[in-house]
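Below you'll find a set of structures to go through.
Both complexes below contain subunit A, partnered by subunit B and then by subunit C.
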Partner chain A sequence: MIIMAKKAKKTTKAKSKRPTKRGNGSTEKKIEGLATSVVEMAHRQQDPAIAIPTRALSNVAFNEKTRHVEMGENKQSRNFFNYGQAKRFMQTMLVASKCKDLIELGKTASIRQIYYLAKHTIKGTKEKTFDDQSESDPIIEDLEVAIDSLREELHVFASNRGNLAGYITLVDAGSTLDCTAMGSAGYAVPSICEPDVIQFKKCDAKFILHVEKDTVWRRFHEDRFWETHKCIISHGGGQPARGMRRLLRRMHEELKLPVFVLLDNDPWGYYIYSVIKHGSINLAYESRRMAIPDAKFIGVSSFDYDRCDMTDDVKIELDANDVKRAKQIANYPWFASKRPWQREIKKMLSNGFKMEVEAMISKDLSYLTEQYVPMKLKDKKQWLD
Partner chain B sequence: MIIMAKKAKKTTKAKSKRPTKRGNGSTEKKIEGLATSVVEMAHRQQDPAIAIPTRALSNVAFNEKTRHVEMGENKQSRNFFNYGQAKRFMQTMLVASKCKDLIELGKTASIRQIYYLAKHTIKGTKEKTFDDQSESDPIIEDLEVAIDSLREELHVFASNRGNLAGYITLVDAGSTLDCTAMGSAGYAVPSICEPDVIQFKKCDAKFILHVEKDTVWRRFHEDRFWETHKCIISHGGGQPARGMRRLLRRMHEELKLPVFVLLDNDPWGYYIYSVIKHGSINLAYESRRMAIPDAKFIGVSSFDYDRCDMTDDVKIELDANDVKRAKQIANYPWFASKRPWQREIKKMLSNGFKMEVEAMISKDLSYLTEQYVPMKLKDKKQWLD
Partner chain C sequence: MAAGPTGTKTNPPSEQLTLTFTSNSGAASIRRKTMQPKQPSKRRPSTPRAEAKKGGATRRGLSAEALGKQQRDISVSEFFAKNRHLLGFDNKRKALLTTVKEAVDNSLDACEEAGILPDIDIRVKQVDQDRFTVMVRDNGPGIVRQQIPNIFGKLLYGSKFHRLKMSRGQQGIGISAAGMYGLITTGKPVHILSKTGPRAQAHDYTLAIDTRKNKPDIIRDQEIEVEWSRGTQVTIELQAGYNKGRQSVDEYLELTAIANPHAQFVYHPPVGATVEFPRGTDELPDETREIKPHPYGIELGTFMKMIKESGAKNLGPFLAGEFSRVSPTVAKKVCGGAGLTTRTYLGTITPPVAERVYTVLQNTKLKAPSTDCLAPIGAESILTGLLKEIKAEFYTASTRPPSVYRGNPFQIEVGLAYGGELGSDHRDGDENGNGKGERTQSRVIRFANRVPLLYQQSSCCTFKAVTDTKWNNYSLSQSSGSMPQAPMVILIHMASVWVPFISEGKEAIADYDEIRKEVKLGIAECGRRLGILLRRKRKKVAHSKRRDVFTRYIDEVVEATRSMAVINKEEFRRSLVTLSKTYTAQADMEFDDHGKVIKKKKQQPGNDLGLADTIVVDREGGEEDNGTLFTEVANSISPMKAKGKRSSGRGTKKTKRKR
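And now, the complex of A and B:
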């Protein structure tokens, strides 16, 4: 923090050179701009520096208007002539150069592959450019925010996770895929879902139902819920990966599809909803292209135990950590101001137990798909916003 | 173990009633047979009992002829009139009855869903049929071995994991899928890959290359390895799930496709290969339908560091646990007798380091797909069997 204050002046300089205006030129051009600014500083005999927006809770805020978790304006300067920063400066340049190579080649790499591509012994020394992937991962995130490009635009991919099925036909890497006929595991959502990879060709769905786990999803797929309700069903295999979040957002925005979310009645479920809707705190800079502020939470609600007349077979006792997390989540600015969410979380705490989506089938194997969710979709009063 | 010995006589009785002959009737009939035998014992005023083959290391052996890890002949009797066994007897009957329901409905359920379907309070008591999923999971495995049916035949599914791409066209749940055109994440391999779900329609592939991780797979997919080499590429997202293992085995057996396996050069990689090839110790009863004794390990080998002239960027130091696991694996009966495997493991130990598949790209992004694997496929002497 002290460094930040000290370097504020230099930061401004560095900043003025960065071609960061949104949508202003390709990612490749942005990387070139970053390099050019460094070279120019060197030519002017200045200390080469790059400005990196601060990725810390202190620089994250909830924007009431956009309803996104967003990064603030704080920036840190990373300078070449600074003993504590020189290595990270070099690493940033190195990762940027590897990403530029990927873009030029039209190829992509995993974050681990970036690490191996960029790792080498610095000539004439025994020093490695990177000792560990834990050094290169944050550099990739730095680069994302520094040049205001998503990781996917840097041609870096994460693990792919998540599947979908239903009334959408899309083109993925040139192949046209009808998601009503993609087999029993559905369409595998890739890690990179940007418009140059995936285009929407046809969509007859009226909404998207996103569920937490693949085993729940399979219940809906097998019962052909997407057919009965003319929709798309998706899952993220737990907290949805970037690819799934980006695809959900794009379907929501470009195809005007409402998004309904069905998650476990526990703090983790609340948290997943919070990330889908408003963005994550860690990756706040992505919210702008991933958050879905109009997504609705349809269950499982703490009130469903009584509402649906469940037996105590579904109860899982809250532990101390659940209670702590629930209280933290209730205090998130975007939940703190909402009375229905305060009631929901308070009710879970007073219940003293949590419930899984899968527990609903203790009534009947198809209760979830044939009664519970249709009832939830019909009754807007049960939605949590 | 003492119980086992004591009950040996009863076991024999129970066994004679079980309709377990392989391929003899449908799974549904097998469950009915199990129930009938229990009812008949009751009518004869005998103690109702079922015989469950023992799922323990002590009852697992390597069959030199089939080259499978197989279960032995030991069985345990589970009796109704035995204070220590009555609950598990009841649970076994309950799970069997739920599986029969699933088969009749033509539906499937996850192991967690089975737990919720079978859990209830026993009438007139406060006792639950199951307190936890950790009680129902082993009962499902008991049932599998007791009636000699795979879990998939009982209509129980696990999480799906793994993808493939290449020259195969298959029919999955009625949809025809050309795996050369399934998008950037490929065909999502479902949890249940039995012939009633998946049929092979057309196959122009000459072999299968199975890799460990999805990020490695993506490298091969992006570089269109399957096109250049007229093959199928698959990954299991780590240790392959049952669905992927079963599909690999079926493609190997029914389509006569050789299977080549590319894994990290570490004890975990050796172990994954061992499971794909010979079956797992925990689920030895599945080997018969999942193991691929002719699978070949093509890398990464401990000798590749020198052979491929790698730099020390790829080295990851072995820890004490790696060393311990490597020694254990070297002593597996199916590796102990093979000199090339002994050399391979010994070399890793003397190297003192392990290497990941992804590390090979530290030479060049496409080194793995354009040089390393083609070199490995060409030179049979480098294969480990």
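And now, the complex of A and C:
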């Protein structure tokens, strides 16, 4: 059964007859198709438009069978002859043409490089096609969904984010890397982690521990946690980027490694967990490649304050925004039906404070790695699903 | 004390002085007051403390008799000499302003009462570091010789206090207080020249004020020849300070010129060139009628005093004769209600009975006071005034119907001037469509009976009404509870037979709910009109921007598409250009109620919004000569129906297209 998230935003059902067959024809052909459809519309004296599936909570559904957040059918039409959309229409066409160029040249570019490729001053004015990278980034995502191609297929990548270390040996672009011997910073996870880039060679790990931030990860790495527990430790630098998520998913799926997640005790941490487990709202079309529905949340839980006998010093007061966000998350369909999660969020609201993972260090520098996490890993009852 | 000057307005001056004094100076001075056995109402002011002191020797050994010797009368003049801030002489700068203001207000009142178009000459000269002379001359009726000393040399002497009639001055304190201030600070007496007609001799008076006795002290009195035919000239030397800018003499005159377009001012400032404020209209404001007090606005004490002082002998004629809106029939009903008859002899009415009559009177349903005693400036004159003094782009004005607070009729008028040289709105971009205009605070100019109010803006009822208004509804930005941020001047005028000022300095209007409500309604009316203009303007800008945007982006889109697929570049381009033309043409068309396209009418000068009492001046279309601009536009003011067909038709069409 598919539960649609409520809260419908202004979306218009697409009326364009743009072909939306998946896997049919190369990305190059799809971009060409986009261009020809625009030209045809213009010749028919219709307002040229691109139909872009809506990337918002209103157009996201939770598939209970696959336990993925999936994108719905709503589409927004981006028209050229609409004052509010004209610029973005032009920008979409520009980005599409640059991707076409990349594919033809057989090269890849970062999203920042795309921004510079597509940025120029419009003839006869002082206006720039793009003022900021924040304008081009969402356009790339729009293009991905509009022509139903992945970023890799558009020859675009993002900067590396996230690191890992532990008992795994992998081949990255031809180099064999033993992740137990990656120095103090670990293996930097690239933006594209598809099988043609990364292959797994050998794995002795029993599980993966994913933490929120670099600093926490460093603590585990320095304490050789992966060695004592025969595992892989990774972090995504906040909300994990697609590369990290894809790699986690592949290790989980191909190497059958269970994934445990250790995040801050705040609404943001809950959401990161939800992204890893079910997929994100913004990139819902990627869920089928990235979601890890069996991932487990081991902490930090709102109940840990009492459970671990913490002091007042670790409390960070919730602000109005946190409260709002927590309530929003509690209402997500994939959280709404889970009693333990409802209890957890309610507890945080009644606590009135949030805690960082680092809070555990206030007891002792090694409390986190030597006591807290081992205790959490042992006691299944404390996991949140 | 709520009563303030209102409650005592029918008193003879000497009693007014004691009352005012009591209310303002507090308990400390009450002890010093002489008992006046003649007045029964004064028999009881001895406070418990005073009583305690009289009963036997006090700690310091003063007996009641010794104390009694220290207690003596205080003259108003003395009181105000010590409390000059009550009259607006708190600092040097304000003293100069108040002096000019009092003199000019008197001149305007005099001219209008005599039916003369005011022509006023103001000279401020600096004689020393902080010493100035103020000379104000009008072309008014002049003052008869015997009255000159009293008017200029005695506080609380005047023609305006005892009547309920709309005029600038109210209490008769102003000009004599200015003279007194001058005398105190410089030792120089007031100099008055007055001529009542072309053939009369001019009286030349030099006056000082005896503050102890509140009496004029004539220093010189002679008849001389002057070169002007009629009017009054008053010269006061005083300690003062001169600044330009807000709350200055310059601002006061500018605002006075706005509210009094029928007057002409020539101002010689202490520094800089002479400033002329030309006359904008030859029509004098309507003459106002004096009215009787309305029972709802009378306090019990005043009511009792009226009973005592009335010329009538019986209750019925007294009620019907002394109050407005009390007919003989109503009077009879009131008498009956109080258990008396219309024939009841006034002399037999004791205070408790008077109170009964008063209560019945207050509970009787009466018509609101007649409002023909008010002479509003009028929307047209406000526009005239704003047009000649403020170089804006949009002007509108509205005169509210008369209303009543505490039995006093009043009328509110609001005017708005927006844009033009006042600046550009930060919401709108500049001509290139880039950037935003500067942030400017609006300015409120307040008037009471055509007199500008310059101080205590934030405690004024009208100001509160402005900040209360939700300007966002009229397409202006405003953070809640503050002034709107727009290049705008908001004019608010209150006309009333008795303007309730917060203090004697006449700086701010008291915050009566009725008044605030009327001001807000007036603002809303003008604001709506401004909103229509702004929305239309912004729509126009958006349309032209839209056209620009499409043409600007067409080449980009063509180039991008060309590198994605094999296309006929020129053909694609042509299709897009044709499309852009159809889309922008649709946006430019205007439609009537039936969806038919209206052909553009020839642009009328001024107001093409179809709004009443509104002028729009195109300041970008070349600088026009001030005089012609003014007459041209003033002639084109035509009271049209507020809802233009074009505007509504266009609005509906637009929304349709969006869907």
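As a convention for this text, the second predicted complex is superposed on the first by the 263 of 385 C-alpha atoms of A that agree within 3 Å, B and C clash if a C-alpha of one lies under 4 Å from a C-alpha of the other, contacts with A are read in each partner's own complex, and residues count from 1 in each chain.
Note that a contact is a pair of C-beta atoms (placed from the backbone, for glycine too) under 8 Å apart; a residue touches a chain by one contact, two chains touch by 3 or more.
Quick caveat: nothing in here was measured; it's all calculated off a predicted structure.
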item: Touching partner for A:177 - first (subunit B), second (subunit C), both, neither; value: first
item: When both partners are placed on the shared chain, which of subunit B and subunit C touches more of subunit A; value: B
item: Partner chain in contact with A:215 - subunit B first, subunit C second, else both or neither; value: first
item: Partner chain(s) touched by A:80 [first = subunit B, second = subunit C, both, neither]; value: second
item: Subunit B versus subunit C as contact partner of A:47, first or second or both or neither; value: second
item: First (subunit B), second (subunit C), both or neither touched by A:323; value: neither
item: Subunit A residues contacted in one complex by subunit B, in the other by subunit C; value: 101
item: Interface residues, subunit C side, partner subunit A - complex; value: 434, 542, 545-546, 549-550, 552-553, 555-557, 559-561, 563-565, 567, 571-572, 575-576, 578-580, 582-583
item: List of subunit B residues in touch with subunit A within their complex; value: 101-102, 105, 107-110, 112-113, 116-117, 119-121, 128, 157, 159-160, 163, 172-177, 181-192, 197, 214-215, 218-219, 222-223, 237, 311-314, 356, 358-359, 361-362, 365-366
item: Touching residues (chain side subunit A, partner subunit C) in the complex; value: 31-32, 34-36, 38-39, 42-43, 45, 47-48, 80-81, 83, 86-87, 89-90, 93-94, 96-97, 100-101, 122-127, 129
